[in-house]
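Scrolling down, you'll hit the structures one after another.
Look at the two complexes coming up: subunit A is in both, with subunit B in one and subunit C in the other.
And then the complex of A and B:
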């Protein structure tokens, strides 16, 4: 047992466990969806850059799962591959499919959706990471400092894509606006802490939901003003709250794929 | 006014000077004069190499979302991304060579889709298990290291320089693949059976990887031209023998069986004798009639066309 654990009340430990699962599962699913795009992006350069971001995100997820392992919650690979859907804490935004079809066939993946989801998610992640750098739980604050360095480039990348496509052809604008609607419909649980809200906030593990939402809106306002667009509205009540284990069938299908090999023999060394 | 036309005599001098540079192992650069045959040989070789990297990402990509641990997920994502990066680097080299013809990357994509530009025969094969991700990394990339390191001193400077980076990364890929195979070979009975089954399926494609020993097998081969212009120095068969020398002991040391009972090393000639792969199957594969040729081409064609609006939108932004 390490020194952090000694000082933790059961309530504090439960709150940090929940928050870490939310952070880990978010990046894990976001990266998984990104990895399905490999080889299929509209430009080879876009393929290389976006897969680099997916890799970094998987690295972030691995770091959070390791912090959970250090807390005795479970082994990192087991946490990533074995938990059933209603134990998962990711936002439903991160689990949504990239478009119609299975990645092994000829899927109809929507690049506009990829850009909008990635830009809005990455911007939200930046707001959270900035706040986590001040977390009362030192291991997560230290991890956040590392994530922040890489996140700078991710956010810049997706913001550039967002601005360019919003500033181009009518076809692109239409597709982007449709994607904004889809993404915002699922945005209700991105800043939610679910049932652990009070414990997470009072223990100062991260800023409050309201503060973070406000920061997110403020941070994207200049981009939207420059594009003469209205800043999107974050739904008060999520369609489903992933933080409480509520998910879509997209997650069930993803879990089958991502754990297919692991589940052949969960105790084997792979 | 000076005539732009040059006499036959001057042409001969130009060619002789070029061949002197080749013989002196001078590096030819993109803007230098080069004979048409040399340019065409390079375009064919490097565009095929580039497209093979891009199409080669697809069989491995099938296993990226399924990789069984966090570290394996990270490793295989990085590996496949590298392959796309190699494709990008090589297509850039090809684009410079295509300038006199007014062709660009979009044209190369169309050539791939209509079958004029081929991708490497090994990437037409099916993948079935996680062990395939290991075998591709370890042995397919291992085979690529053998052929590509032979071209590190290629006479065409831009290609030789691109290969410096590509070969350095391929070494990591082979280690990544070897690590997957080692874990399986040292694992449970089921895991060991998985590797053996995978090796059985990939052995013949690995022999085909290097191409037939002579052009009699398929009716044509570029190996003579690439040797003449000092792009490479060894023949297909020499590469295959080097592959045997390097990998047969390693495969056997893992307790695996090579699916060729006739395989034999002759100490006098220092050569391996082996059962020839089915070269008729090879001929089909290089006409895009391999086990997964059409599916992979279709996947790339479909995603390229489905997202064409993005390229149009970006061109509009640039204008």
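And then the complex of A and C:
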């Protein structure tokens, strides 16, 4: 228990808990999907970069789970591994599979999808992190400063890939545009706070959904203008809202795999 | 009855000078700028460390090595080692000695300055040539990049600059 907890109203605590779970679960799933690319990326530099970014992102998730632990919500490893799908608050975008097949068997993963998902997600994360640096909850504001420094390199990496593939062959452009459609179909809950919207926003834990959406669009506009493309449209209402525990079967399958080792021996010391 | 000798923070710092980066044994956690605070009370010691990168798998090893090194001192009782996220670790916390010893290990220390466009430059860790190219911003660990020296034709690593200005 820390000093913050004593001063918090139940509403405030509920709101910060929800927001931290959204942030933690997002990075947890994003990192997991990224790690499935290990050994499969188009060339070795991309492979090293992608796995390094996944490792950083898992570190960010672990940091958010630790902040939840400090709040008395539960033990960090348990929060990461033992919650069932309908308790998870990650966006649908982060749980989607990388493509057809399974990485241990015959993965037919889509690199264009990986690039677009990673670029759009990382840009959204940057917008959230910038806003979190001003959060009324100090522990998360302080941690956001640290995440922002690491995110600088992730953003640089995915923006470079995005621009290069968009300026590449007709096949590459076609694949990229297909990927943009898929990613944007799932973008409706990325900036959603779900049922906790009002409490999260009025307590100034982070900027409003509307404000962050605008910032995201504005931040990618120069890249899209240079590519002579229009900034994609964020769906108003998500078909499923991950922030409220609504998910696809992709998440169920991912949870079985990623928690398999942990569940073999939950008390093991790593 | 044995006489109780209190632990001084000077002594703790001396011990921490011998706690090395698990992969770079020429550099201590002090030279990396990871030690934020040392407090002692009687025989008990508390060390506050800053993580270099949040996802670095060496953090737990460093924590354990720090605890074990301090527990070897007969006058030390309880040892607590914690990581905090604030202040954020930045690459300018690496000491001058850290810079020298990183280079001795074959890793270019992080640059002290950024160009106006945010890019940065380091010289070859081996021959000091400025004629180098960036091969991959991401390297074998979160904190390192891979570069190539066109003078001595060696691949070398550099510590990524990390700054709050990013």
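A few remarks follow.
The criterion applied here is as follows: the second predicted complex is superposed on the first by the 265 of 270 C-alpha atoms of A that agree within 3 Å, B and C clash if a C-alpha of one lies under 4 Å from a C-alpha of the other, contacts with A are read in each partner's own complex, and residues count from 1 in each chain.
One rule holds for everything that comes next: a residue touches a chain if its C-beta (ideal position, glycine included) is under 8 Å from a C-beta of that chain, and two chains touch if they have at least 3 such contacts.
What you see is a predicted model, and the numbers here were worked out from it, not measured in a lab.
By the touch criterion defined above, A:223 reaches neither subunit B nor subunit C.
Looking at the shared chain after the overlay, A:60 reaches subunit C, while subunit B stays out of its contact range. Judged by the touch definition given at the top, the superposed model places A:142 against subunit C, while subunit B stays out of reach. Number of subunit A residues touched is higher for B, counting subunit B against subunit C. In the superposed model, A:52 lies in contact with both subunit B and subunit C. Shared-chain residue A:184: touches no atom of subunit B or subunit C.
Touch criterion met: A:156 reaches subunit C, while subunit B stays clear of it. Overlap of the subunit B and subunit C contact sets on subunit A: residues 45, 48, 52, 55, 58-59, 62, 270.
Across the complex, subunit B meets subunit A through its residues 54, 57-58, 61-74, 77-78, 80-81, 84-85, 87-88, 91, 130, 183-184, 186-188, 190-191, 298-300, 302-304, 306-314, 316-317.
Of all the residues in subunit A, the ones that touch subunit B in their complex are 31-32, 35-36, 38-48, 51-52, 54-55, 58-59, 61-62, 65, 76-77, 80-81, 103-109, 111, 164-165, 167-169, 171-172, 175, 257-258, 260-262, 264-265, 268-270. Those residues of subunit A that touch subunit C in the shared complex are 45, 48-49, 52-53, 55-60, 62-63, 139, 142-143, 145-150, 152-153, 156-157, 270.
Residues 51, 53-57, 60, 85-86, 88-90, 135-142, 146, 160, 162-164, 166 of subunit C are the ones touching subunit A in the complex.
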